[in-house]
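Got some structures for you, see below.
Across the two complexes that follow, subunit A remains constant while its partner is subunit B and subsequently subunit C.
Our next item is the complex of A and B:
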């Protein structure tokens, strides 16, 4: 289907002139795609619209019905709730921290791995280990590692004379601890994606640059970075969207505490729905979050395209 | 031809019916008492021919697994266990079957249950929806070896002017916490994680100071001297006398600190009493005892009550078989067998049983704990209240809110929830 469309564009053919073969191809394409489209509709579009519909009703788990339409009440209530706004800001900070740090670290490791010739498979295997783990397990393992008096991390620190760190019990440290664990868990994702991009880059520009006597830094800045931009954009986008959804780590490691220091928005929405039993308001919060993520995604996508 | 096939199919299903034994499906939490029940199940199957299938999951998963099954016209669980947290929600939503008729028809005696437990996980507004399964009232675990130490005794007397002994009042206990924070040991370990660990533990502090959550008309009574003192003492214990990081401990982490001999005391669920004598988990076997959380004066307790109840959901596919199971598992003989394995009883006859007392001398303390315990507010929004408590208490412990500010915030939200539930007019 796409090949046919490309051909047409190449030949500058008007849209109406479709051959019978093309039409049959098109039909066949739809036929092939329809099961997945149907499934996508069922598991993505339908729930989204259902949630939007719920968000304008007074729908609770105690009275699960759509009897009371209350317009934008749930939205104004959510936005007027200082706790919800706090979780939004905190999530924005968390996302910025993990995405940027993971990108910086991931790109560095990817560049290093790209120039490695031997044992590449072994490095890959080691790197992929954390990524294969379920976030719940990651949270549990790290909770044990970070136990202030019985955990291994503080024990190792004590060997070099560092006082025990209150990893999860201090309001100043807890969020950074979650950021650190998230980096440990997710940085391989960045590495793998960026490495795939790097290994697909053409060799010729580098050879030309070398002939012209460009330094490694210059060829990185003027060749690698521009060529990698599309891959970087996609990697950042995917990671950003995943990071906004972070829930498991907080649920397992801190439950939003101490105080409200790690209360990320996904966990807050979950609590509104299943502890507060207020599905209507939780749906409104989700809709707000969806709008924010979509806005961010569109902006990032456009910005990255403008750079290329 | 088709007719023949249909006939064959009908015969096959008709004949194979009796070949499949009836099965009672129950969703349960992975706790010691569930394990004890599991070991006794073959007896039930032998007696009744009914198979029992226990689906054992982690606490966090239970509510999310239960609700869809309870909302459905016919769910997959024949019987369920209900935490006292959910009692208000489940009964208000109409998900549980009243048991009174079955109890009457079978002459099942519910008067043997500890009355406080019947209030918590038995009756709601006069109707019996549950049979109390096991209780997890909170008590004070303390190091009896440290109390008996002669040097500690003389030092303590010199410092405070009265004898070092099992604390009779809450103030006495707090002095001991201060005293024992020395030589690499902490006077206390707390479970400061949001929301339920901190909310449940702090409730003991509230009751111990003579406070309550609300009066008879559900008017919040938290922002009082007792409430403020309870928060101040809790924050001091976490920040000054507790191990580093206890503001984020769940009960397993706090228990480990106690079990490794690094703390003098720990206010926790009664089922940890058995665990502390398990040499595979504990370095202080035989050195720890449990008692009711002391109150403002001798004889008054500050313990928080907690319990699970057996119930039959309206969506139960086989309620009669489920009732047979409930009747059996709560019969005196089986309840006693469970207690003898280390289970936590809810029946007074089991608490008073000679064999149980011979095997577990602390059974008396556990009973005393229940009798002097206080109930947490049970209404539709109990989980929501726990959430609010967790947030505000955690903020107060972190020093980001003053005790009175936190209490005002809790009262405001609690009042709103009680109004929404129709408890507060």
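Our next item is the complex of A and C:
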């Protein structure tokens, strides 16, 4: 029999039963993965399913039971609630603002840091400081900084002749203030991830481009940006998901106010559940939010993959 | 096409390390010049200085007669092929080939025509829509070469372009590069640490070590007359045997073994009589039969092992007893010797090279006899 014929015969052979070694390996795999799988089930899958189950029942903290099944009532009520729709739009605006601004700023700083040769570790350490802080502490610090009459920000502005700004008390300014504080807190995350991506880029294509006649700007446009797309996609995705969930800053700094000016969806859901005591409807809102985030994730992932 | 002239070029790094020192080299218009040397000898740095990817710390670089020290790489009109190809990973082959031309604002129809010509010349026509990750090493190598060719530069700078290929492909690409040079006639500077590439491809070889040029010359000239023991030991595989010995008026004593020198050769080295020397003996200058015409002298060796390569056999043996210095001898393919066996060879003393043990540089070359 020729070798080619032999190969064909081997390829056409039916898949054999698992050997004892393969079975043992599989068992061992399950064994070492089971503690983490158990934990994941306990803290993620169970709450998710519990919330989904609750979302189709009339479950309140006054009558905490699953006696009344009400189908999609909680969902239609949530989607029909103008306040909930308002928080969704507000959150979308907030997310777009922080993600885009943090990305632009983060990429700029990452590019600058990537070309720095000395004291890189020191810059890193300084940049990481905000990221290491708890969001509650960040909120408290900035609430003090931005106090209309006692805060240092307005004091500094007064030194250059600018009138005091009601950072957290004005409906026009409050959301932008939260955006600004979030950028201060989270931009380092973008910088660190993008910088890791930049420093992993191969050096040779840049040299080839220099000899080919590419300016720094064209190298950035034709080489850096396309090569960075996978890293950019992951960075944007992670940041987007975290931004949708923003809760702590709002809770500490504005409690959703003034009025509903900073009433982001996570905070609104919290209020519905633990202030309005309507766990069923809050669960339905959470499920809607989950669907939106998953949809966004899939879209962004596909879009970025189509680009690369 | 253009000549490339390096005058007293130096490269110092900020930490004070001198990667290249006082390199002066004139590469003629249309010449195929090889920069050869071991890792860290400064050959790639020299090439990168020609390309403009490294600044020149001291000295002058002229390409086509114009001083290029402060000219941007893009404006030097040279193309470089990198060791790992440096293709743009996100671009298709056709985009990789045309990128440089597009940056220079060349018209679409000219780009298409040139890319088609190059793709045809290199046999990569059917790969144009693929990305580098979908190509084999040899195909990537061709695309990298194509990217350089398509620009029709004054000179090609090749930085170890064959070292990532397997032996068979490397040999094929060597031939292709030689043919390409013949067709285009463009100046090529080819950096390599592979002495086979150097010997087979270059019109001239420039051998470097520790940042300085050791010897420049045509391949056979460098092979026959290495200026020092470094060049002697670097070129060819197995390299020249280097044995410590002592020269007297009519003989050369190698660790107890005495080679009688013909009168003419003795006279040629008369100035160096009665001194210690390093004798350089090429493995192919040992013959199994005496040849009066080639002025051979008998040498007795102790076989250590034989390496049967197919077309030939390399005998590893010691001179002057089993504890003597090891040498390599190129033997006919049917030659065999058991370990410890004594074999008598006839060494062609007319090919003997002698080096100064202190300076390692060659003593006055023996006259051809």
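Just so it is clear, the second predicted complex is superposed on the first by the 281 of 308 C-alpha atoms of A that agree within 3 Å, B and C clash if a C-alpha of one lies under 4 Å from a C-alpha of the other, contacts with A are read in each partner's own complex, and residues count from 1 in each chain.
Rule of thumb we're sticking to: a residue touches a chain if its C-beta (ideal position, glycine included) is under 8 Å from a C-beta of that chain, and two chains touch if they have at least 3 such contacts.
Just so it is clear, the model here is predicted, and its values are computed rather than measured.
Enquirer: Under the stated touch criterion, which partner chain does A:149 make contact with: subunit B (first), subunit C (second), both, or neither?
Expert: Only subunit B is touched by A:149; subunit C is not.
Enquirer: Could you look at A:120 and tell me whether it touches subunit B, subunit C, both or neither (first, second, both, neither)?
Expert: neither
Enquirer: For A:202, select first, second, both or neither according to whether it touches subunit B, subunit C, the two together, or no partner.
Expert: Second partner only.
Enquirer: Of the two partner chains, subunit B (first) and subunit C (second), which one does A:167 touch, if any: first, second, both, or neither?
Expert: first
Enquirer: Could you tell me if A:85 is touching subunit B, subunit C, both of them or neither one (first, second, both, neither)?
Expert: So A:85 meets neither subunit B nor subunit C here.
Enquirer: Give the label of whichever partner, subunit B or subunit C, reaches more residues of subunit A.
Expert: B
Enquirer: What is the contact status of A:302 with respect to subunit B (first) and subunit C (second): first, second, both, or neither?
Expert: neither
Enquirer: Within their complex, state which residues of subunit B touch subunit A.
Expert: Residues in contact with subunit A: 60, 63-64, 67, 71, 89, 92-93, 192-195, 198, 243-249, 253, 256-257, 260, 262, 380-381, 383-384, 387, 390-391, 394-395, 397-398, 400.
Enquirer: Help me check something: in the complex, which residues belonging to subunit A touch subunit B?
Expert: So the residues of subunit A in touch with subunit B come to 61-62, 64, 83, 143, 147-150, 164, 166-171, 174, 251, 254-261, 271, 274-277.
Enquirer: If we count contacts the way the header does, which residues on subunit A are in touch with subunit C in the complex?
Expert: 202, 204-205, 207-214, 218, 222-223, 226-227, 229, 308
Enquirer: Subunit A touches which residues of subunit C in the complex?
Expert: Within the complex, subunit C touches subunit A at residues 51-53, 72-76, 78-80, 82, 84-91, 99-100, 103-104, 147, 151.
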